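These are the structures in question, set out in turn.
There are two complexes below, and they share chain A, which is joined by chain B in the first and by chain C in the second.
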Partner chain A sequence: MIGLSIVKRKPLPTRFKVILPVAAIVVTILIGSIPILLAGGNLLKAYSSLLHGALGTRFNFLETLVKASPLILTGLSVSFAFRARFWNIGAEGQLFAGAIVATAVGVYGTWLPPALVLPACVVLGFLAGGIWAAIPAFLKTKLKVDDVVTTLLMNYIMIHIMGFLLYGPMQAAGSSWPRSEPIMEAAHYPTLLAHTRLHVGLVFAIVLALAIWFINTRTVLGYSAKCVGTNIQAAYFNGINTDMTILKTALISGGLAGLAGVGEVCAIHYHLLMDISPGYGYTGIVIAMLGNLHPIGVVLSAFFFSCIAIGSQTMSRMTGIPVYIEGVIEGIALMVMLVALLFMEYRIRWTRK
Partner chain B sequence: MTTDFISPAFISGILSATLRMSTPIMLATLGEIITERGGVLNLGIEGIMLFGAASGFLTTLATGNLWLGVFVAALCGIALAMLMSFLAVTLGLSQHVSGLGITIFASGLAMFIYRKAVGSPMIPPTVKPFTPLSIPYLSHIPFVGDIFFKQYLLTYITWALIPIVSIFLFRTRIGLRVRTVGQNPFAADTVGVNVNLTRAFCLAIGGAFFGVAGAFLTLAHQNMFLIDVVGGRGWIAIAMTIFGNWNPLSGCLGAMMFGFLDALQLRLQIVGVKLPTHLFLMIPYLMTVVALVGVSRKATVPAGLLKPYRREEKGG
Partner chain C sequence: MDRHPVIEMIDITKRFGDVTASSEVCFSLFPNEICALLGENGAGKTTLMNILFGYYSCDSGEIRIDGKAVRLSSPKDAIAHGISMIHQHFTLVPSQSVLENVMIGVEGGFFLDKKKAKQRLLAIEAQFGLDLDPDAMVFTLPIGQQQKLEILKALYREAKILIMDEPTAVLAPIETKELFTTLKVLVEHGRSVVFISHKLHEVMEISDRILVLRGGRNVAERRKPETTIAELASLMVGRELLERLDCTGGEAGKTVLQVDRLRVRNAKGLVALDEFSLDLKEREIIGIAGVTGNGQTELSDVLFGIARPEAGTIVIDGKPVATGSPISMIEAGMARIPEDRITTGVCMDLSVMDNLVLRDHDKRPFSSMGLIHGRKIRSYAMERVRQFQVKTDGIDVAIKSLSGGNVQKVILARELAGEPKIIIACKPTRGLDVGAMETVHQTMLRQKERGAGILLVSDDLDEVFLLSDRVIVLYEGRIMGEMSAKSLDRDRIGLWMSGVAS
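For the complex of A and B:
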């Protein structure tokens, strides 16, 4: 029998931090070929239609960029939380919280000066997501309630709050569908290119990625969060206020996810609806890991998954491969990247028993 | 509809539905308790349940055989659990992230295979589901018979599993090994217990339970596969594991509480009580969080949970 054991190796040079995710993507595409082949697809046709669908025409490329903005934000949200080992699996619910509040401002904030409407959407949407994430952080730090479970369950609570609002108080007059009144024009994100859906949200998301990079590397909070994530006891005994660090981390993490919701309402749909997010919050987990929890990595990996999401629709139309291949590839990517990260510190030794 | 809620028929209806609806959560909770007692948190549960729901349904749709569907769901659950085992036990990777990876992968694959197999017809295909099994004589007992003895065979099996899992964990040699591995893998290794094999074994049993729990949803609870058929029940089972302090009976009582709230909201809707549906749907999740807040400070987490075992790294 052949067994394997995991042994420490000398840490790899820093350039592997870039090489590994790229290798992970290659391996993911190779493994992802298996379900495509089994479903009777032609690999060349499948991947070329995916590539064409994502990047082939100006329109497709712009759609990929549009889709990248919420994914960058949820990816940043998860990466910022995971860095401090705050297991925020609740980006989806925090996104909904942001979307609900942005809609409320955009529909009912008619008394606000028009110039303040959009800033109010953004700030209050950020706070809504942040507070929704701060609740499990508070429960974790003060009452030792497991953060994985609470952040997950709170997604469902928020979905039902949204359902209640959209079938009740916030439902558009005369509509039988669960959708809100449209938000006023003052709440719309400005577009980047005339006659396209490309909006400033993308620039906003990239600026926020740089801001997170700054927080991570240049501020006390970023340093404390890193320490809490590496060894919470050591951090505590070195005088770091660990509870406060986790709480602040959660607030920012949830806020970023909330902003993803604000963007979907104020730049894409212009009203609130139940399927405002096709799981951006969960994809954010995969993006954060593939980006190695680094903000720049998150931007790149969000772009990659945006390509997969947009491209798989074309692939599905051209080859009959179900669009759900997107989720399959996401799952494979997450697992492959996790294995790849192992190789940063360890190597596998095969042993013959 | 009458407004007579307090009638015996209404109450027995709710309680009977409670037991029916808590079955998949109980089964999943039992599986997760075994897994976590062995020291591994399996967040793949939600995806494995969805995969069990899809694979069980498709098998039955193709063959007409319900038990074959359950069997295939269990096998698929074991297969996915073995993938989890390779990542989190053999390679010792983060249990959180491995589990989420399994859930995302298995959910995607379940929907992928379902869509490939049935296409996208206007009306989703259905199977002839399990019928409740009336136990002779006992089911004729007024009131009690309607509640307890007209359930699905899978529900009876799940009840039987509660003492079986308890005895297994607390009264057998293997159960002791499982708990030691989950509590202190180094000590277990010292006395010659194969830590990783034991953990893989726990994951496999858990995976089979998750798969069958999923199949229950598409072959008994409903008769079709819908994308949101699991709808967070896996996460509820994780919560119930903590709520029950890693004890099979307490965990299953928690699952029953969730099932009761679920059944209550459904029944109240059926009799036409005008309540905001979504607020009612929210209550079970909210109560689960509240319940967790209540027990978490006293919870005695298996000490080896989340810690990969690498013999070479004993050091600290």
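For the complex of A and C:
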């Protein structure tokens, strides 16, 4: 009889941190072929139309970039939190918090000097997301409440707060839909290219990725967060203020997700609506994992998922494969990456009995 | 004696890597008897029984049950042969009832027949005088009752032989009494019990025969009427005194650490350390000896700042320090070498360099204004690795790739930075090979010469005798006695460790 056992392996060289996600993407595409075939699609045609849809034309490519900005931010948000083992599953709710506050500033901040409106949207949106994430962090550090549960459930609280606002105080006058008044022009993100939707949010997101990289490698906070994330007991023993580290991490993590919400309001929709996010916060988890929690990895994997999201629409139109394939591929990618991470530390040994 | 043993273990040898946990150990168990396995931590008691229970396979040796050689390759095999083992940590499902816990794994068939199982359980309870409500939820039961349930589980599986691994470690005195009554009933009904312990008076109270292990070897076997606590104590700890290491440097100086009437409760809320006072001076090593579990962990946890005492004060260099905070201990200039390197000493996934500045990365010169000075950390780490002769493929490799001795060197290099006045070392050589042990001992003596006051908490008597100027023995959370190195009396220390005042 042949059996298998999972045994620890010697640590792999650092280059595997790059090889692994790439391999994960390849495997994801291979496994992703199964549902495509099941849906009656032609593989070659499906993937080529997906590629064309994502990158084939100038318009498509720009749409992919537009879609990438919120994904980079939620991916950064999750990766920054996960690095300190603060399991922030709540980027979606933090995104909503940022979007709500940005809308409030953009609609009601008419008394502000115009030059301050957009900065106020950004700063307050960041804080809103940050504070929304800091609540579970506080519960975790002071009362040992499980952060996976609280961050996730806080999403639903925020969805309903948003629903209350959009059906109530913030609803546009005369509208029967749950949508806010449009924000003023001073609150709009400048566009990068005239007559396109490509806005400075993309540059902003990439700059923030570099900033997070800097925090991770060059600051005391990044260092402490790394220690807390690998062994909180040793970190505490060695005099690191673990509670404060987790709290600060949560604040920044939530803030980044909040900025994703600010961007959606101030650069894409120009008003608040219930379906402002097609699950960017949750996709952020997959992006963070596939990006190996590294800011640059996050930027690249956000771009990958953006391609899938935009490309799958074209694929759906050309081949009739339902657009839901996007979610399927996302799910497969997460699982493949988790398994791949397992292989970073373990290997399978086949044994013959 | 014409009785035949139910279990015979002959020349059992078991190695873990380079460590021989069990070396040609022989063990036998007769019907209707309670046999104690006595020895210090690491003597190989649990290893031997884990082999009998099929957890480990032995590298060589033979196991015979009822005279027939058997191969036990899993606990399932052992249970099939009527052997059950009750661990220190129970294997119960708290959210299920007593009956459900008993049935786990022996349901048989697809459908549960709870009624039948309940009848059988009640019959067993009646037979052995174990009174436990089958419908009670396990999480509502006190520890002593949970242990009864473990015994019931074993009996339900028709165990003939019960191995109990330090069963009294978690019990209150009254529960211990009840357990002993139960054990006596068990042997009256033809069962045999192996009682693993390092508590001498319990061993004397309950067992018929006592087997002493030390360092993975058989040391002695005694029938109860033939022995005394004092003899067992010296058998258990009695090793040849190693030559004390040379140490130059003058007499002890002024007091650096003053601990006054400390009282600490453990995680279960019991008082684990009481009325503990101590004065540690410059150029002095105080050894805290005692059998594991007599308050040493609580003492070191308080001194490390990771536990808060219920009462008492700690004064360092004449200034009282806040308790319950690792940061205040670090700032008071204390070097702390924790018992458990892997979980509290280092971050195993981080590099050697990162671990070297784990404590000080937020201070100058390694950082300022929140920014890390990578180059300074790097050059510092290289220097420390060289000074402490850490064997590593550079400072960027994960510390988990280092041997235990080298991990300990990294901890020493980190903790001894900045010439600490006080060093608290808790079992600093646990699990290290002889060479690494020597290095650690030499390092501590050099630190003493430099003027540090060192508190050495260790269950390794050799180590305590080797290094200490004074030895304090802890027993059940209290100071049993104190002795100066000049008048060390091994037998008396052994007695103190077993709770006998002399």
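Just so we're on the same page, the second predicted complex is superposed on the first by the 351 of 353 C-alpha atoms of A that agree within 3 Å, B and C clash if a C-alpha of one lies under 4 Å from a C-alpha of the other, contacts with A are read in each partner's own complex, and residues count from 1 in each chain.
Convention: a residue touches a chain if its C-beta (ideal position, glycine included) is under 8 Å from a C-beta of that chain, and two chains touch if they have at least 3 such contacts.
What you see is a predicted model, and the numbers here were worked out from it, not measured in a lab.
When both complexes are superposed on chain A, chain B and chain C clash.
Contacts of A:L334 after superposition: chain B is touched, whereas chain C is not reached. In the superposition on chain A, contact of A:E185 is made with neither chain B nor chain C. Contacts of A:S5 after superposition on the shared chain: chain B is touched, whereas chain C is not.
More chain A residues lie in contact with B than with the other chain of the pair chain B and chain C.
Looking at the shared chain after the overlay, A:L143 reaches chain B, while chain C stays out of its contact range. By the touch criterion stated above, A:G163 is placed in contact with chain B alone, chain C being left untouched. For chain C, the stretch among 61-69, 79-87 or 97-105 that collides with chain B in the superposed model is 97-105. Per the touch definition, chain A reaches chain C in the complex via residues 10-11, 217-224, 226-227, 230-231, 233-241. The residues of chain C lying in touch with chain A in their complex are 304, 306, 326-327, 330, 336, 338, 343-350, 354, 358-359, 361-362, 367, 370-372, 374, 397-398, 400-401. For chain A in complex with chain B, the touching residues are 4-8, 35, 39, 87, 89, 139, 143-146, 148-150, 152-157, 160-164, 167-168, 282, 285-286, 289, 322, 324-332, 334-335, 338-339, 341-342, 348. Residues of chain B touching chain A in their complex: 41, 43, 47, 83, 87, 90-94, 96-98, 100-109, 111-112, 115-116, 231-232, 235-236, 238-239, 242, 276-279, 281-282, 285-286, 288-289, 292-293, 296-297, 299, 310-313.
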